[in-house]
């Protein structure tokens, strides 16, 4: 059943490598948007592990992104100058990983105490954690305060964004499609029944939060070295909502749908640039209409059920 | 002295939070979801007053009490209507859907109101100075300086709380509200028109939000379409802290939050973290008393 | 059973009481199940039978009293830990995992006794694949025994009602229990299905050599297969004995059989 998994990952990485060879010819603007897509895929797919597969409801995913982003950015501002150009990729990998790990730690900090809560209460608490994280960054002078961090090196490119996006998809899909990982879905479906089957709901929820936060942190590092500035208000509640909408639009727990939704919702606002005044009004109307017409996601009913969605089966 | 000063300040601020929190909690009581758009209703209330004030004051004279009362009344009516409309158009079609769907829709409605009002054809995103409705005077009690408006806020809130209590406990529609919040199916079987009750709940909550919005605007440098977000979040936290669905709890939560915020906000070093404090309180409460200060925790039946 | 020595008792409930607010749902219950025994727990609706299951499986903690399994206390253990000790259950109101297929419902339960975790799931090396294959085979075997293998890839909620109940039993067995708690497994079944189920329960008990505690509203099912029966009424155990003894017990007749079925 999983013979294809690693191969799929390899193929994705290869495709990305080939595309990045030609990245130089890309229009700068399109290139930027494409990298945005990669970063948003990481965010949406990792949030999908928490909200979709495990059935938690996090409204603070942007907070984890901020933690990872600030960690990586601070490290690169501190040590980037001493790094010889040849070692830059290794350095970047290290600071991304550091960002991911610190974000994972914050995921643990949020996950453990929040576990007693469900549904809207959990949503509020994660929202609260996200806001607290933002306020902390906003008031910490060594992290730039309200102006944020600037002058970052442009480390992120197409290859980084998409290889890491592929890795995120791979990890989430492989996890969910294993005997171990079926526990996530069991917890999502029915916590009482899951624990009666010997599945520890607490453990699964924490693991989902930690892994989800880890990848959000990595995405934050990519984002920082893509936009080259990092501002606390870029990680507000609105940002978290954007990722939640991607997951819902794609259909909770459906990896392929969520990837597609991430692509659409990254590109759509760019198309609406001409209607700048109406852009966000349309966006909010879309959310409402979507929830009324297709609450199971845009692609509900298509053959992208949980089993088919994963690259492993 | 500083603390007493801040305490009074906090009580006034807390009263405003309490008025808003009641709307959150009432809607949660009958529909079991968090109406994210509630924070924008209070913004609309402030803008309604902003546009109504010149006309009404033209008739009754500037800064007159009857004029101010009419401004409050009409703004409350406008918001009540808006609240009912939102429920009918956006939430009613989703009545039997999963709560998460409704929650996201509410977020969508909230964003829609914010972005629409920010549009230059509507209110625009600039901050506008809010007209004086009630002339503020400084009252001196020994060393204590109290703004008369703080007292007005306190008194009006107390009156409204008493009125609300009367409506919920003594009137037919209030009894129906309690019945629906206790058990919607049973209430429907007993012949209660659920839709009426829900509309009434939205009207009532939104009217309170309008009044709170005007009070909030009176204390702020000006009004703009995103002005509802911060007090809305605080009030909503207040509702949860007090025990969501519980009316006295919401009032208590609002006051507690306002006072803590005013006192903490006055301390050097802490004031920067003001925005975080409310959430920190929320998280602590939910961890140690998941049902809130006055709420009852219900275990799931297996 | 008072005659069994502590050693023989697999499950030992002693003087257990639980109150919900003012309501005493189970009151000073003394009750034991021996290794490999098939015991019935009956009583009118609301007597507290499901609550006893919830106490044993750690969903609720007793207000007073203690529960031992295999001579070790279950006090303060979480439900999943109790399952790991060897107690499995089904639910009166079916609680399958709706977004998992029939096959995956069983596989989700098998994970309990598996070593592999996150790292293996990601690396997908040889031993991981070996184990996944074992899990697959094991789940399929169980499904075959219950004749459910033909539904393998269907959504669990699309199964006929009776099959859903049986799938719950399969899923519980997948955790390799020593004691299986069945909560009204025959509810909603017609007489033919009930008869089938009765022999199936007997078969399961013998084939897997496990103890079964059966809560059932239907007297015939219980009388037919149980070696011993305990009767609850308003949370109090009013009788215990062999099916024949129970049938003749006047208290039981009053509390239970007198009630129109």
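In this document, chain identifiers A, B and C correspond to the written order of the chains, with residue numbering beginning at 1 in each.
The rule is simple: a residue touches a chain if its C-beta (ideal position, glycine included) is under 8 Å from a C-beta of that chain, and two chains touch if they have at least 3 such contacts.
Nothing here was measured: the structure is a model prediction, and the numbers come from that model.
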Q) Of all chains present, which has the mean Cα position farthest from that of chain A? A) C
Q. Looking at mean CA positions, which chain is nearest the middle of everything shown?
A. A
Q. If you average the CA atoms of chain A and of chain B, how many Å lie between those two points?
A. 34
Q: Report, in whole Å, the distance between the mean C-alpha point of chain B and the mean C-alpha point of chain C.
A: 50
**Q.** Chain centre separation (chain A, chain C; CA means) in Å
**A.** 41
Q | Contacts with 2+ other chains: residues of chain A | A | 192
Q: Send over the residues of chain B in touch with two or more other chains.
A: 302
(Q) Where in chain C do residues touch two or more of the other chains? (A) 59, 91
Q. Which residues of chain B touch chain A in the complex?
A. 33-34, 90, 93-94, 97-105, 107-109, 111-112, 114-116, 118-120, 233, 236-237, 240, 272-273, 275-276, 279-280, 282-283, 286-287, 290, 300, 302
(Q) Taking the touch rule as given, give the residues of chain A at its contact with chain C in the complex, in rising order. (A) 1-2, 5-6, 170-171, 174-175, 178-183, 185-186, 188-190, 192-201, 207, 253, 306-307
Q) Contact residues on chain A for chain B in the complex? A) 57, 113, 116-117, 119-121, 123-125, 128-129, 131-132, 135-136, 139, 192, 238, 241, 244-245, 248, 277-278, 280-281, 283-288, 291-292, 295
Q) In their complex, what parts of chain C are in touch with chain A? A) 57, 59, 78-80, 83-84, 88-89, 91, 95-101, 104, 107-112, 114, 116-118, 120-122, 124, 128-129, 131-132, 135, 171-172, 174-175
